[in-house]
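Shared chain: chain A. Partners: chain B in the first complex, chain C in the second.
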Partner chain A sequence: MKGKAAAVEIKNFKEFVAFILSELKPKGKLLTPFNVISAPIMLLGAVLMVIHLTGFAEVTHLSQEFPWGIWIGFNVMVGVAFAGGAYVLTFVVYVLRSEKYHPIIRATVLNGFLAYVFYAGALALDVGRPWNMVNVLVGNSFGVGSILFLVAWHFLLYMVAEFIEISPAFAEWLGWKRVRKFLCTLTLGAVIFGITLSTLHQSGLGALFMMAKGKIHPLWYSEYVPILFLVSSIFAGISLVIFEGSISHRVFKDKLSYEYRTSYKDMMVGLGKICAGAMFVYFFLKLVLLIHGGHWSLLNTPMGYWYLIEVVGLVAIPCFLFLQGARYKNLTLIRVATVLAMLGIVINRLNYSVIAYKWWIPFSQRYVPSLGEIVIALTFVFINIWAFRWIAMRMPIFEAPPAWAVEEDEREEEDFAFEPKLGVTMADGGKKMVERER
Partner chain B sequence: MEGFTYVDIFATKGPEYLLVISALLTFIFFWKMLSTPAKKVYEVVESIVPAVGKWFRLPAEGIYFHQGHAWAKMENEDVVNVGIDDFAQKLVGKIDSIEVPKVGSAVTQGEKGWTLKVDSKSIDMLSPVDGKVLAINRKLVESPESINEDPYGDAWLMKVQVPKVSANLKNLLSGKVAGRWMEEVREDLLSRMNYNLGTVYQDGGVPVNGIARNLDQEKWDEVAKDFFLTL
Partner chain C sequence: MGIGRRVFLKGLGAGIAGVTSGSILTPDKLGATESAGSKEIAGSEEFMGVLIDTTRCVGCRSCEVACAEAHNFPVPDIEDESVFETPRQPTESQWTVVNRFETEKGEVFVKKQCMHCNQPACAAACLVNAMRKTKEGPVVWGENCMGCRYCMFSCPFDIPKFEYGKWNPKIQKCNLCWERLKKGEKPACVEACPEEALTFGSRRNMIEEANRRIYGSPGEYVSHIYGEHEVGGTGYLYISPVPFEQIGFPTDLGTTAYPEYTTGFLFSVPFVLILWPALLSGISYATKWKEEKRKEGGTR
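Up next, the complex of A and B:
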């Protein structure tokens, strides 16, 4: 199935500007419920960000006691875990060569890329003097002793890798044939680089919390937090892919490629299986660590009940639901499991950074996010969604690439592997041969 | 050493070993459950498959299949009967009418031969041979449902005079090769099947709406065209 015929090819700067300006115009209805809710929040968020950055007034409830709020705990920690789908799926598609998931790969990578861009944005807002962030990169003062040094470089390099992975879609949008050809040759390298970085910094974010020994409740604290973060990012990321797919399936109904539509269910069931497997491993890791730490007596305390809600209610139960959903090929079950698993990740990451952090301090003196912080946190989420929608409406993310790109890929494949397949050369009545001669 | 805490690694070893062993044992069952679909899924698939099962078990003596789900059968030395196979009809469901070329016009192997009209959608199919159309089966064109009764006998669609019969037939599938191809089609079909819609086929008979609708309710004509190689 081929997408729209030969798109415009942008040849000079003037055309480029004209094209971008024409594409900037909104497509589709403006007054959707989502827009009506998100637009005011984003506007308010923008104002609050300015107030926060200029130091005009106190926006957050952060203090010396609680320096990390929801911008770190939710936007960065949860956002990065949810962006894990990109490295898992690129591994499945480009390294394991499972073509089944090809139709969702672009949407997933785009989502991962945007998540990193905007959640790193949240990080910039959180640090006191964001303009000093550049020092880590230019070497004014690398600060190699800090895990944040790793995190900063990983984020930056990973964003570049993700951008390279998604860039053929941009080239197709602009009709740049030669650029696309070049970018496509970079894909596999970027994928391998990206997977390596991901495994490193997903666990690196967990390693950040190892500094806070004694401040994090013993049921959560362990030397193996990095491994827990890595394993949980697998099902967190895949859950988001299923969640996003369920929404995109409706929102971008007219954009979906033939392959996407016909294999949608099969893909979602397969992803559910990956989640079930990863959650199984994660659940037993949690159990082993509970025993290893020898903290089971703590289970019978309020924090212990909260721990059980997370581990049983939001890991074991969704794991079982994923299993049943995959066995019965039941999308509804898989979607319920997805929502529970995502909630589990949000709570888990917030536990480390906010809830189980300095748990002994009474509630009245604890950090509770201010309304301004919540608005700004939501603003980042909404900007992410708006950017995703803007790109998906214009570039071949869900729809098939333009005809010229498909042809080029086919030619490339034929040059690469000459495989006499039954039915292509002889049994289709020479259809392919005729087509090629044309 | 400051900050050093002594951990008694033996205190919890016993329960840890037991847990690891039981986790691995559980994983065997877990993996088995995960990798085999539930019985109910098989039942639904099986209730759909009989609808096309007859076609898959077909004794294809003397029948040459084109991969676009058309067939050809030698009538005599240079005249070939051409038709659509049983699977094609089951895929699209009830065919309203068939648009065929005029008697005397030429058809080309692997190019558009005729068009099925189903629910106001037009689905092209490819001709399995080259040649001149000698006759059209009016009875079939008017009541396409009779394809089912005798798919490769009375239910021919056109008689075509083929100048190079043996060259044309070489491009088609028969015997074991045809069997293998049907197996591929079956796999393709099953991998795309939506299991939840099983209720549509409760009677176990031919799906009235066609299998393609089960695969994609809105744009099912594209699914059919994909199978017919005309997408």
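Up next, the complex of A and C:
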């Protein structure tokens, strides 16, 4: 099935502006339950942000003892882990060339891109002197030995890579045929660059905690935190893809392409399998570290019980559920496992930055997020969802690309397939020789 | 010609180091050093430090007053004895505090402030070099800070403090009177101490002096200089009549400099940056060939 028959033809700047303005208008119902809940929270969040930035009143419950709160621990740490789906799926689709997951690749990359944009936004709100963030990029005072320097650069470069990956959808929306052709040639490069960056900054987020030795409970602290963060980002990201798919499947019902609808269940089952595999590796690593660390005795303490809830209840059990769900192709089981796994990631990342950090401090003096902090944290999540919805309603994210784009891709593929048969150039002749030898 | 080539290769090496994100720097190179008229500070070929002899401190808090006056902070009321009831931490408007501890040898007063580590975690954490270890020894903070508070998260002594609730918050912590050092003066607290509990000088000389006192008066001190090896060595050094855990010091920090905990990861970065794209391109090439085959087979 091919998508929209005719692409919008934009001839001049005036038409471009008119097109953008017409697209800015809301599509679909305004008074949905989600809008009714999220809009007031976002409004309140915006007001609180202004109060926070002007220093008019203290919005957060951060203290000298607990310098990092939920904007870092939840929005940045958890948000980036959840955005990991993009690098895993681009690897599967563009590097391994598994066509099976092609229908969900755009939604996943878009989600990853938006997550980075808005959670970098949360970071900008969290830092006390945001105007100095530019010092990471320009100037002559680079903290090149800082893990955070590495993470910051990788965040930025990865955003660019993800934008390049998703940009053909923008070009299709605007009807820019030649631009799209050019952007499509960049995809594979951006994907390879993006996976490399993701490997480094997903683990880099874990490496941030290396210098907090002694401040993070020994059940969580180890030299292998970077590897744990990397492995957990695989199933965190894929869990979010399943979660998002379960919702999009309903919300964007009339937008879904034929391929998406027919292969939806297969894809979810396959993703469940990936999750089960990654979670098994992760659980195994956790077990090895527990044995190596010799922290058995700590298990029988309050923090030990908390650790067991995380590692057994929210890693081992969902791992098993994913396995069963994939085996019996049971979507309900996979969805239950997804929610548990996502909860496990939220708790894990918060443990490092907030809960298991300075665990000896009594609860009364501990950091507990203020209502304002929670509202702002939710605001970032809702902005992300609104932006996602806005784009998905207008651009070919779930639906098939416009007919002209599909035709172009097919033409490219044909050219490509015929190329060796023409056998005119030396290179092609060489190829033929090699093939004959095989 | 030979020299020219060597210079060229050096430049090339530096260029490559820079391109691969520069993360291959070893911890002792971390933190840009800034010299400001180092000739004026005697003995500053090596890090300067302060030796605190807790047996001499009487808890007069003159150092707190001198510190506040030197850095334009509200001057604390030293008549108020109630501050000794619970151990205090330095705050964003008070860079140094004196605490009282009840020990097996009676009351011991301990001054607390930034330790000025040889290889500070805070400076290694800083992504814009706002927090940096100067060549002369003080760990100082600069205005180009973005307020991410990673230094606070990393400091093993929990020293850096943040001015929450301001529109342009600063990180506040002892700077070893860097501005006075540049003028050839001693830190304000050292100068103010009436009991000579604080001694300022090169770190090496301070360790020698500490050892001289420990060996010279057996039984008066425990045989340990806190800060000689802790977290790779610190600028502030302490000697004490009682074991250090009795006077509020963390004694489980180890002797590894904190930035070294991240070097393993940083070393791996250039390798991943080079190997991953090559590996991924290779896989992509292999799968492409396979796909071509499949498609060709399909059309026939």
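Odds and ends about this structure:
Methods note: the second predicted complex is superposed on the first by the 416 of 438 C-alpha atoms of A that agree within 3 Å, B and C clash if a C-alpha of one lies under 4 Å from a C-alpha of the other, contacts with A are read in each partner's own complex, and residues count from 1 in each chain.
We take it that a contact is a pair of C-beta atoms (placed from the backbone, for glycine too) under 8 Å apart; a residue touches a chain by one contact, two chains touch by 3 or more.
Just so it is clear, the structure is predicted and the values come from calculations on it, not from any experiment.
Looking at the superposed arrangement, the partner reaching more residues of chain A, out of chain B and chain C, is C. In the superposed model, A:Val127 makes contact with chain C only, not with chain B. Contacts of A:Gly28 after superposition on the shared chain: neither chain B nor chain C is touched.
Applying the stated contact rule after C-alpha superposition, one finds that A:Pro40 touches neither chain B nor chain C. Once the two complexes are laid over each other on the shared chain, residue contacts for A:Val144 go to chain C alone; chain B is not touched.
In the superposition on chain A, the residues of chain A contacted by chain B and by chain C do not overlap at all. The residues of chain B lying in touch with chain A in their complex are 11-12, 15-16, 19-20, 23, 27, 30-31, 33-34, 36-38, 40-41, 66-68, 109-111, 126-128, 170-173, 177, 180-181, 191-192, 194-196, 215-216, 219, 222-223, 226, 229, 231. Interface residues of chain A facing chain B in the complex, by the touch rule stated above, are 1, 258, 261-263, 265-266, 273, 276-277, 280, 284, 287-288, 291-294, 323, 326-331, 422-423, 426-431, 434. If you check the complex, the residues on chain A that touch chain C are 53-55, 57-58, 60, 62-65, 67-68, 91, 94-97, 126-130, 132-133, 135-136, 139, 141-150, 152-153, 188, 191-193, 195-196, 199-200, 203-204, 207-208, 210-215, 223, 226, 413, 416-417, 420.
On the chain C side of its complex with chain A, the touching residues are 21-23, 25, 27, 29-32, 89, 91-92, 121, 124-130, 144-150, 152-154, 156, 158, 161-169, 250, 252-254, 258-259, 261-262, 264-266, 269, 272-273, 276-277, 280-281, 283-284, 287-288, 290-292, 295-296, 299.
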